[in-house]
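Each structure below is given as C-alpha cells.
Heads up, the next two complexes both have subunit A, just with different partners, subunit B and then subunit C.
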Partner chain A sequence: MIHIKRLQEDGADVIAIIGEIDASSSIELDLAIAKSVGEGYEKILVDCSALEYISSAGLGVFMSYIDEFKDKKIAMVLYGMSDKVANTFQILGLDELLHIAKDKSEAKAMINELQV
Partner chain B sequence: MNYKYRVGCSIENLKGVRDFIRKSLKAHHVPDLEISEMVLALDEMCSNLMIHAHHCNANDLFELRIIIDKDKPYIIFELVDDGTVFDINEFCEPSIDNIVHQKRKGGLGIRLVKSIMDKIEYKASQGQTVCRLTKNINK
Partner chain C sequence: MRARAMIRLLFMMGAITWLGLVFTDIVVLISIKNSLEPDIPVWLPKLLLNLFILSLFYYYKFKIEHDEVLNFIDLLWRVFATGLIATVISLALRLVSYLLGNTKLPSDVVYIDLVYLINIGLMISFLIMAFTAWKRLILYQKSKWLLRFWAFFEYGLLISLLYNSFNFPRIDWLYIAMLVTFLLTGLVLSGNMKWVAYLNFRQKWTGLLLLLLTIFYLLYGFYTSSDYAGIVEKTSPEFADYRDHVFILSLISFVTIYSVFSFLVILFNLPTTSVFEQKLEEVVNFQRISQSIQTEQSEESVYKILLETSVSSVFADAAWLEISSSEKKLYTYNITEKEAGDIIDHLNKHQVRGILDQGSDKTRNLSRYLSTLKNSRFRSILAFPIYVKNENIGILALLKELPDGFNREMTKIVSTFSNQAGISIENFRLMEEALQNERYKEELKIAKNVQKSLLPEILEKSDAFEIAAFSESADEVGGDYYDTLRISPEIVSLIIADVSGKGTTAAFHMSQMKGIFHSLAQDCIEPAEFLVKANQALVKCLERGSFISAIIFLVNTTTRTIRYARGGHCPVLYYHATTDQVEYFKDKGVALGMIRSNAYRNFARTEEFSFCPGDVMVLYTDGITEAKNAKGEEFGYDRLAAILAESKHLSAREIQDRIISTLYSFSESEGLDDDYTTMVIKFN
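Our next item is the complex of A and B:
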C-alpha cells in the first residue's frame, strides 16, 4: 500500500512517499524519518508527489517530530503535494506549522534558508 | 440511493473502505475535493472503531452505509455496530500545541472529523449502535 524510498542529494536526505498513508502504514513513514534522524541528517526533504492519500495517523507522524527537529536544528520541508493532500494539511492548519514547498527546487531553496 | 459495505475490524481493510466511499460518491458526481474530505473523515471514524472498540479483531464486523438522495443537499453516512460506543461529541480533542509538545501521534483525527462533517449523531436501536454523520454538499 505504501512504498518509501530514500536517496541522498546535495547533503539532504530525500524521503519519497509512494501510495497511501493510513493507520496501518504510518509506522513506515515514522521509521523512515527516524532512520534519517539516526543517520545524522540535518536536512530532510519529503517528496509527496506520489503521495495519494494521508490520514491523521500520517499527519501525526510529521507533527510528532516538530519539537525534536527544533532541538536538534534539523530542517524538514515537504514538497510536491497534490491539491487533495495539501487540503488535508490545511484543514487543521498544519500547513502553518510545517514547511511546505510547491516543488523540489523551491524545497531546496527553503531548506537552505532554514539552515542559515 | 443506499450503499452498504460490511467490513472486518482489521486496519488493513481501511483501503477497501476508502475505495468503496470514493466509488459510491463518484457515481453521484460529488466534486473530487469534497469526496477526499469525506473519505478522510470516514477513514478516521472507521479506524477509531476498529482500534478502540474492536482491538483490530478482523472477525468483528460493522456496516458502513451511505445514503444519497439526489434531491437533498446532504449525504448521510452511518456506521452500524454492536460494539462499545465512543461518542466523539463527548471527547475534548487536544489542542494542536499539546499534540506538538507531547509528541502525540494521535488526537488529530477527531478534530478532522469535526471540521469536515456538519452533524454527528448517535442512536441505539435493536442492540445496535448507529453513528450518523451528515455532510452538506454544494450542488
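Our next item is the complex of A and C:
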C-alpha cells in the first residue's frame, strides 16, 4: 500500500511517500527516516504530495523524531500535503511541532532558513 | 428378548420332535416286529427326524451365530462341551446295559432302538453345534465368494433334508452325487483357517487339546450309532436310519474334516506363533505411540514410550534416546549415561560423520564402528534420527551385545516408530500452541470485560443538559475513552480520549487515562492545566510514537458556560440553537505525549463559551470520521455535521442513534476498522 522513494537534492534528502500510511506501513516510513538520519543527512524533506492517508500510527512516526531532530540539529520539512492529510496533522497539533511547507520551493527555502 | 424367546421355542420344538420321533419309530418297529401293518405311515419317523434336525439347526444358529462375546477358544470349548455331554450320556447308557447283564431287556430290539434314538439325538445335536461353530470360524474373514459358497453348502444341506423326509424311491446316482458334492464343498470350505493365526501360543495349545477330544467324540459317536443301527436293522428295515441320510453323513464328514484340518493347521502353526505375536505387539506399540498424544501425556512420555517399544520390538539389550531440542536430555534403557557417553565420544572421535550428531538424516547401522571400542559389552548399534517439522530433534540408538544383531525388518519397524514419535511430538506441540491460544483468547475476553467496566455505565445527570454515549471497539479491547465526573453541585467534568493504535496496548493506556482523569479532575483544575499535568504523567509511560488525543470540559450549569481544552482530539461539533448553525470549533492543541518536555505548556489553551437551551455538542473519535465505505470514501466531517443539522431537534440519545445507524449503513461492513465512540450532549 505504500511506496517510499529517496533521492538527494542540494544536500538534502528527499523522502517521497506514495500511497497510504497505516499501522503496518508506518514501519517502512520509520525505517526510511531512520536510514536518512543514519546516513548523516541534516536536511530532510518529506514529499507528501502523493500521500493519500495517514493513520495515527504514521503520525506517531513523525512525532517520535521531534526530540531526536532537535538534539541532532536536523531540520525536517514536510510539503505538498493534500488538505485532508494536512487536517489530520492539524487536529493532533502536529502542525505546530513540525515544519510544513506548501510546496517544494517553499520547503527548500524553509529548510535553509532552519539550518542557519 | 425376542431372540431369547425364539431360542426357547426352538429348543421346545427340538424336544417335542425328538419325543415324537421316539414314539413313532418304536410304534413302527413294534408293528413290523409283530408282522403287523403299522397304524402310522412308515415315513413319519423320518419326517420327524428331519424336523428335529431343523429345530436344532435353527436353535444353534440363534444361540451361537449371533453371540458376539464368543472368541475362538470359547467356540471350540462349546463344541467340546457338547461332545463331552453326548459322550458321557452315551457311555452311561452302555453302563446301564452292562449292569442289566443277561436280563431280557438289553437284547430287546425296542430297548436298543430307544438307546439308538437317544444316541442319534445327541450326536446330531453335537454335529449341528460343531457345524455352527465351524461356520463362524470359516467366515471369520469373509469375502463375497466365500459367503456365496457357504450359502450354497448350507442351503444345499437343508434342501437335502427334503429328499430324506419321505419315502422316495432311492436313486443311487443322485444319492451319491449329492454326497460327493457336499463332501467336496466341505473340503474346499475347510481351507479357510485364517482364525488360527490370531491365537496366541497358549490358546493354540488349548485349541489342540479341545480339537483332539472333539475328534475322539466324533469317532466314538459315529461308532456307537452305527453299532446300534446295525442291530436295529436286523429286526426291521423301516426305522430312522441315519446311514443313508445325506444331511447327517455330509455333516459328519464335514465336521470331521474341518476338525482334523484345524488340528493339523494349529499344530504346524505352533512354531511360528511367536512371530505373529511379535507383529501384533508391534502394531499395538505403534498405536501406543500414536495415541500417546491424545491422553494428555507430555513429550517426555512420548520419548519413554518410543524407547520402550523400540527396545521390545527388536529385542535390544540397551538403548538411549538423546533429545536436543531445547536442552540436551538423555533417556536411557539398561545403560548408564557414562557408558552411552563413551560410545558417543568414541564414534565422534572416529569421525563417524552425521550419525549420532544432528546432521544425520537417515537410519544407519553403526556396528562396524563399535568393534574398535574396547571395554564395551555392545557389538551392534543402530541409530535413528527423530524429526519434528523437518528439524532433527534427537537420536534414538539401539544396542545389542550380539554382533550383527539387527536385521532389515527390525530397522524398518524402529524407523517407523521414530517417525511416528516425531509426528506425535509435533502434534503435541501444535496442541500446546492451540491451548495457549485458547488461553490468550480467554484472557482477552477478561480484558474486554475489564475494559468495558472502565467506561462509565451511568453518566452524570443534570437539569441543564442530557447526555448519551456509545463506544464500540474493532478488536477485543479498544483504546477509546469517555467519562463524566461531578466535581461540585454546579460543575461537571467531561472527557473524551483516543489512544493511538489499537488492541491491548491501547487498552492499557486507556486505563491509565482513566486514572489520570479521576485523580486530576477532582481538584477542578483549569482544563489547560489538566492537559499539562496529564501530559507529564503520560510521557513517562507512553512508548515512542504513541500519543493520546483528548478533550477535557468543565461544564458550569450555574453560569451556563463551558471551559475546555483540546489536546489534539477531533474538533468539537457544535449546534448553536440561537443562530441555527452547525460548526466545528477551530482551536489549537497538541495531543498528549507528543511533546515530552515542559514545552507542552505553550500549546495547551483553555477556551470558553456559553451554551444556550437547544444547543447540541457532539464529541467523537476519528474512527467515525475516518470510517470508509466499500469505495474507499471516508465518512468525513461534512456527513457528520449534516446528521447533526438534520437531527438537532431530537434528544441526545436519538441524535446519537442517528449518527451510529448512518455510520453503519455507510460503511456496510460487518467488522469495524477502528474504535468508534461518540458522546452527545444536549443543553436544556
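Throughout what follows, the second predicted complex is superposed on the first by the 116 of 116 C-alpha atoms of A that agree within 3 Å, B and C clash if a C-alpha of one lies under 4 Å from a C-alpha of the other, contacts with A are read in each partner's own complex, and residues count from 1 in each chain.
Everything that follows uses one rule, which is that contacts are C-beta pairs under 8 Å (C-beta built on N, C-alpha and C of every residue); 3 or more make two chains touch, one makes a residue touch a chain.
Just so we're clear, the structure is a prediction, and the values are computed from it rather than from any experiment.
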- In the superposed arrangement, which partner chain does A:D83 touch: subunit B (first), subunit C (second), both, or neither? first
- Task: Could you tell me if A:L97 is touching subunit B, subunit C, both of them or neither one (first, second, both, neither)?
- Result: both
- Query: Which of the two partners, first being subunit B and second being subunit C, lies in contact with A:M1: first, second, both, or neither?
  - Reply: first
- Looking at the overlay, does A:A23 come into contact with subunit B only (first), subunit C only (second), both, or neither? both
- Once the shared chain is lined up, is A:G60 touching subunit B (first), subunit C (second), both, or neither of them? both
- Determine, for the superposed model, which of the two partners subunit B and subunit C contacts more residues of subunit A. B
- Is A:D71 touching the first partner subunit B, the second partner subunit C, both, or neither of them? neither
- Query: Touching subunit B and also subunit C: which subunit A residues?
  - Reply: 23, 30, 55-57, 59-61, 63-64, 66-67, 84, 91-94, 97
- Message: Quick check on the complex: what are the subunit A residues that touch subunit C?
- Response: 23, 30, 55-57, 59-61, 63-64, 66-67, 84, 91-94, 96-97
- Touching subunit B in the complex: which residues of subunit A? 1, 20, 22-24, 26, 30, 53, 55-57, 59-61, 63-68, 83-84, 87-88, 91-94, 97
- Message: Quick check on the complex: what are the subunit B residues that touch subunit A?
- Response: 11-12, 14-15, 18, 32-33, 36-37, 39-40, 43-44, 47, 50-51, 96, 99-101, 103-109, 111-112, 115-116
- Task: Write out the stretch or stretches of subunit C touching subunit A in their complex.
- Result: 498, 500-502, 544-547, 549, 567-571, 588-591, 594-597, 603, 622, 626, 634
